[in-house]
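I've put the structures underneath this note.
Below are two complexes that have chain A in common, paired first with chain B and then with chain C.
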Partner chain A sequence: MSKRLHWIIFGLFSLIPGLSQAQEDPVPRDSTGFYEFLKSQREVPGLSYRYIFSEKGITLAYRSDSLFSLSKTDSGYVSKPFADFSWIDELQQQLVVDSLMYQIQLELYSQPKSIEVAQEYLSDLIGKGDYLVKVQEDLPDVDLVSLAAKMPYLPVQKFKLKFMSDYRLLAVTLIIVFFFIASAAMIISMLVMKANKIKREALQDEYEGIIIEPLTTLLFEKGVKDIMAMDEAEIHSFFPKNLLVKELYQHVLIDRIIGLNKKMKGEFKEKLKALYKKLELDKVSIKSLHHRKWDRVTMGLVQINEMDLIEALPEVKKFTNSSNFHIRSRAVSALLNLSEHVDFKALRDQTYPLSLWQQMNYLRIIRFVGLHKDLNFETLLDSKNQSIRVFAIKLVRILGRVDMIDRLISYEETASDEEKIEILETYATVGAHMESRFINVCLRSSNPSVAAAAAKAAAVIGDADSEEILLDLLQSETDFRRKRSFLRSLYKLNKEKFEMVTSGDSSSDLLEIRNHILDPMLQDV
Partner chain B sequence: MKKILIIEDDKLISSLVQFRLKKEGYETHLVCDGNEGILAIDSYLPDMIITDVMMPFRSGIEIIHHARQSQPNTPIIVLSSLGEEEEVVLEAFNLGVSDFIPKPFNPNELAIRVKRILK
Partner chain C sequence: MYSFLFFLLLEIFGLMFLILSFSVILIYLILMVLSALEMRDFLRKNSFADYGDIITSPITPGVSILAPAYNEGQNIVQNAQSLLSLHYGKFEVILINDGSKDDTLEKLISSFELEKTNYAYHPEIETKAVRGIYRSKNMSFRRLTVIDKENGGKADALNTGINIASLEILACIDVDCILSSDSISRMVRPFMEETNRKVIAVGGVVGIANNCDVKDGTVTTYNVPETVLGKFQVIEYFRAFLMGRMAWSRVNGLMLISGAFGFFRKDLVRAVGGYFPKTVGEDMELVVRMRRYMYEQKIPHKVSFVPDPLCWTEVPEDQKVLSRQRNRWMRGTIETLQLHQALGLNPKYGIVGMISYPFWSVFEKFAPIIEASGIIYTITLLAIGDFSAIYFFALLVMMYLLSLLVSSFSVLYEQIAFNHYKEKKDLRKLIWMILTEPFVIHPKVVYWGILGHIDFIKGKGGWGAMIRTGFKKAEDKRNLAEQSTT
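Entry: the complex of A and B
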């Protein structure tokens, strides 16, 4: 039973594909089969064989033959022991050729044994698992090494399977790989961009260096008319044709000319403007208005403004209501600055709210152009954009345009609260005493900011009705700040009434405000 | 020949000023930052200094300080876009500059002022 089990186990672990041979004894019992089996095994531990020859036919040559290494025995000769059974055929072939009689003597651990003992010994070895039967496989005729190279390496295959089946490991690996690829791509692109930038800056420096001399010479040696009269050849003698077509060179020229234009005055400004047109840089500026990048468009608008390119104004107008803050700001600035009769229509029709920065910027331009041009900004009050209307009211105040007061009066009825506050401040600033009626109406406004602004204006241009309204409001007002505002106005309008309200059994709030107002140290607090 | 040191970081402006002053027959030397300016004052020993105020490394005011210590009698003209800033103008004049020309300026006007001061 145990022997059978050994064979079963042997069969299970056998690498022989196909039917298991474990059910039968693999050692043939017939002598021919047994020798064939031994030949197929080549060597079996402990088992060897010798050739035994009779004396007859053994020549001297045989006796000295190293292959058989014959030794003399009582009955004849015996060869040396051979352990490799695969030689049997080869050795026998030689003996047959030499017509020698021989016998094969099997030996077990150098002791002559019969074939049956050898069979039992081998069966026992196999049975105990001390010997694994070698199987003759049908090996292909090609090189085994090259075949092995094509075979996937099993541990790698196993790892691949394990790796692909573990989705978390796979995901992490993919993320890491993606990270490395992205990092490498970013580094490479940064290096390329940096290299391009360095190259561009070097080229820019070079161009800046080479334009100094021709610009200096032209500005001192030529008049405006001379510059305008220069032909192409002459222009190219100062600024080479091959460079003038280059975009970077054009930009360096534009920057330098505009930079000089800002720092120089008098005839030099005119020369620079003439040169700008002569070099056709105005076309470059106008062309950049159609650039897809907003910063280039803005740059073009600034260039048009700086170099007084009036012919570009129709194009500039198209950008006054651009959705881009910088573009529309620069476009409106250029239009206000360059238009022959300061064009406020574009600003009026702007749909975007005006920022304080824009208001300050436009005010600076309007003030500058107002020195030598008429400013008819009345149209701004017709704007549908409240911030533009508020800006218009501020302009009346800041520019001191008393002639616009009538227009503001007609506008009072439709004005929003924010505009009313600006109008009140404007009336107070320009001293529009005839407008106390509007102030009195606003004093009773339900909007506390409007009422406070009206109180402030009333302090400057209020009348007797304003005093009465202020007294009335003080009786019903509960908010400390507004009370202070009303009292301050009343104090400036009529000190007697102020004394009357704040003296005697006045509330603590009124007394506190009174002390504050009357204290000269706290006048601006 | 009178020597004029021009300290200005805008190469184009300094080149224009140099060109104009050379036409008037002055010898000029250009430097484009505050450090170089201070070194040039001691090595070039100019008869006049024309300097900007806003410059790399050292400001024009520092240059005037240095010039006043090492060469108290050398006239200085300040050429600056900070001309509208009263504080800068006052400080420059307190340090004893001969003239203050605000940018934008006219190189011809500068040449006349230089001529008048060096006369």
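Entry: the complex of A and C
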């Protein structure tokens, strides 16, 4: 506030013209000084002077002198007006030599004025900026020509100085230069990128064309053992050595093999995996894990997972807690998929929150490996990471693992609200009727989300106590949404009690909710 | 004295324009680099994304699609069918008939076998009266809910939808938009990838459907619109979506999600009180208020952006309609910035307060005023004989080249990332548009922007006193219902 006040005061002071005019007046107030000042200025717009003579002593020669051009007045003579004040000294000298008595009369726009009026007039002109005071130039004592001769000749000196002194032009020039450099760099880089992309795509198409035939031959004409038994020369007869060393060729080959592996089944899958190793593409995949670009590392992890490269698992483990979302997601996926006894430890120890996207992908893998491996994901409930524990509870529900309900029961006490919501949903889904006690406790939770989840679960597995609690809650609940949720649960638990509560009640809220619940078109809303 | 002040002002203006020109160039170059990096990363990430499970997985969040309709009788049935046929597991479609004067509701009732329900509507967010909520007995349309309400504008209609939405994510769309069948899956992905920072909203690209071939709810062939205004908007949309929003998304500074296609977290939208119906820029205002709320609650958050082409709309090709739209956008921007002045240069609001808000204030809100001032400044210099031709033409050429560079880059991005306009004649048309736009269309856009300022000052549309005062907190909007009735 005080800072703003300072600015306001500063602004007011600078805007008051009187204050600005109170600067030092350059016009001298004494007559001698004033004439000296006028002489230094030579001419002042509107200001002139005349010489006034008495009749006495004016000779005929003076009367006809063209310099003064005297005119007769009642009391004597008056000269013509002079505008150049620098002549005063010269004219005065002549008059002194001729011993003539005279007076100087100042005139303002041909009107005789006093010296004070002339001073005021000049001050005013200068103050308004209409007249710029000429300052006496100090001429050098030495000859300028000889001084100039000593200066070296610089042909662009003048231009350079002018250019440098115009800061705006200089700034614009600098900006233009910067702009051109930056835009040229961007355009060139984009063109290079585009050209590289086109070149890469053309090569890719070419390699794909070359690869298809030998790949088909190998898959349909050779068995797994034959492929494993092939020597280097034989392999190179299908896939030329000079091409196999090329990075792009390797990538096209990897993509094609992985693509086929996804689509094919049975022995063909085995053949492709054997070929992958025979061509040493597994080494390329494992090598990718050390690449500095995250997308290459992720690609390596995807390849390891797709081609079941179990030997790479120790390397993969290193990435399960990577700061990069994609890397750690793929590393955990590979570990869950490839480890002999589905390894949940890496997932348990992950410190980053587990996203829904990761959960969705892990669920797919877990469902798949669960078909032929034991899933002991109990360990996930011991994770320090809440999101992992929540995922574990979801797994119990989605995989229908009733055998893990006891583990959940022992976990209820320490569970956070978010976990309680998941547990409640799980109990309702798997039909854990013995857990109505937990539901009844949660119904009285101070967290509305937990209470709502408990009400939902109570609708499926609640007991007589749940009904009483719901009736009790309905008495005190003011939130419409929660009231609706409690009543819906009560309706599903005990229709008689629901009728009793709603039909006899005149409260418009309860009637509205009753009609809503009983509307067959709103069963799921 | 006064002539001194006049020349001093001229000097200050000259310096100001110089600094602004430099800032514009620097900012747009930075935006170009940021958007290029974001696009590169997006394409890389996309190569690992597998959308196969998203439709069937029990883990995926549910989506409530909210589509307000006003006098849409002509196409409403087709639009609703298109929304109901989207490929996603858990979703509902809520159509809000905002007091249409035509047969919108009747057509919906007859086409989808709708019946009025006994829905107990108790709004959490204050809205205009609801006349009825309709659902169908036909199981094929079990996902559809139609709300019939009194007219209250788009924001009010969306708020009604928010009040009855039952799923976690809200997809707020314009009912006449064409959505790609996988649009929900792709837009939901950023919410599902959330780890440390809460994803509060996701914006998508809105493509231009004018003159394009549409089949089964998807644009199959892209053609550049025939009119100059249509072509101009193609370039403008590229600049806005593929450059501007990608760049802001990179630094988590997004303040705007298109009202035609935006996804929001329902619990948060409800927490901040839904859309603000008294502003014409309700889409931007909601995003800013949500972000403000998150900063005030000190919750790390993010507004994401998906550049995949998933939504298309018809843009106005008539000058009158376009000028009204631009006028409205400008007023919306001014109103939002006024309502949330507390964000401006306030480090408490992170990148939004320190960078996005000042950027919007100077380069969006005041851009037309600055440009008009530049013209007046140049005329003044000409009048007093202090005009430097070199200086003027250097600046002019530079700004023209910048415009060409920015537009060309946005077209180039589109070509590299999506390559929709495959015909050479289309590209030629776009290039010609890029070359002529600064002289042919831009002055009009500036003029419409100035009209927007004038209309805002006159108090047209907005909610004068409230907007001038602004919100003291993000949740303040919740109390507005009381204020508006008193």
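One rule holds in what follows: the second predicted complex is superposed on the first by the 366 of 525 C-alpha atoms of A that agree within 3 Å, B and C clash if a C-alpha of one lies under 4 Å from a C-alpha of the other, contacts with A are read in each partner's own complex, and residues count from 1 in each chain.
By definition in this document, a residue touches a chain if its C-beta (ideal position, glycine included) is under 8 Å from a C-beta of that chain, and two chains touch if they have at least 3 such contacts.
Values in this document were obtained by computation on a predicted structure and should not be read as measured data.
Report the partner of chain A that touches more of its residues: chain B or chain C.
C
When the two structures are overlaid on chain A, which partner does A:N361 contact: first (chain B), second (chain C), both, or neither?
After superposition on chain A, A:N361 lies in contact with chain C alone.
Looking at the overlay, does A:K394 come into contact with chain B only (first), chain C only (second), both, or neither?
A:K394 contacts chain C only, not chain B.
Quick one: is A:K262 in contact with chain B, with chain C, with both, or with neither? Answer first, second, both or neither.
first
After superposition on the shared chain, which partner residues are touched by A:I212: those of chain B (first), chain C (second), both, or neither?
A:I212 sits against chain B, while chain C stays out of touch.
Looking at the overlay, does A:T298 come into contact with chain B only (first), chain C only (second), both, or neither?
second
Along chain A, where are the residues that touch chain B in the complex?
208-209, 212-213, 215-217, 219-220, 256, 259-260, 262-269
Where on chain C is chain A touching in the complex?
Result: residues 1, 3-5, 14-15, 18, 21-22, 25, 29, 32-33, 36, 44-45, 47-48, 50, 53-54, 57-61, 115, 117-120, 122, 124, 135-137, 142, 145, 164, 166, 189, 191-196, 388, 390-391, 394-395, 398, 401-402, 405, 409, 412, 416 of chain C touch chain A.
Please output the residues of chain B touching chain A within their complex, sorted ascending.
10-13, 15-16, 19-20, 23, 81, 103-109
List the residues on chain A that touch chain C in their complex, please.
Residue list for chain A touching chain C: 15, 17, 20-21, 128-129, 168-169, 171-173, 175-176, 178-179, 182-183, 186-187, 190, 193-194, 197, 295, 298-299, 302, 325-326, 330, 352-357, 359-361, 363-364, 394, 398, 480-481, 484, 509, 512-513, 515-516, 518-522, 524-525.
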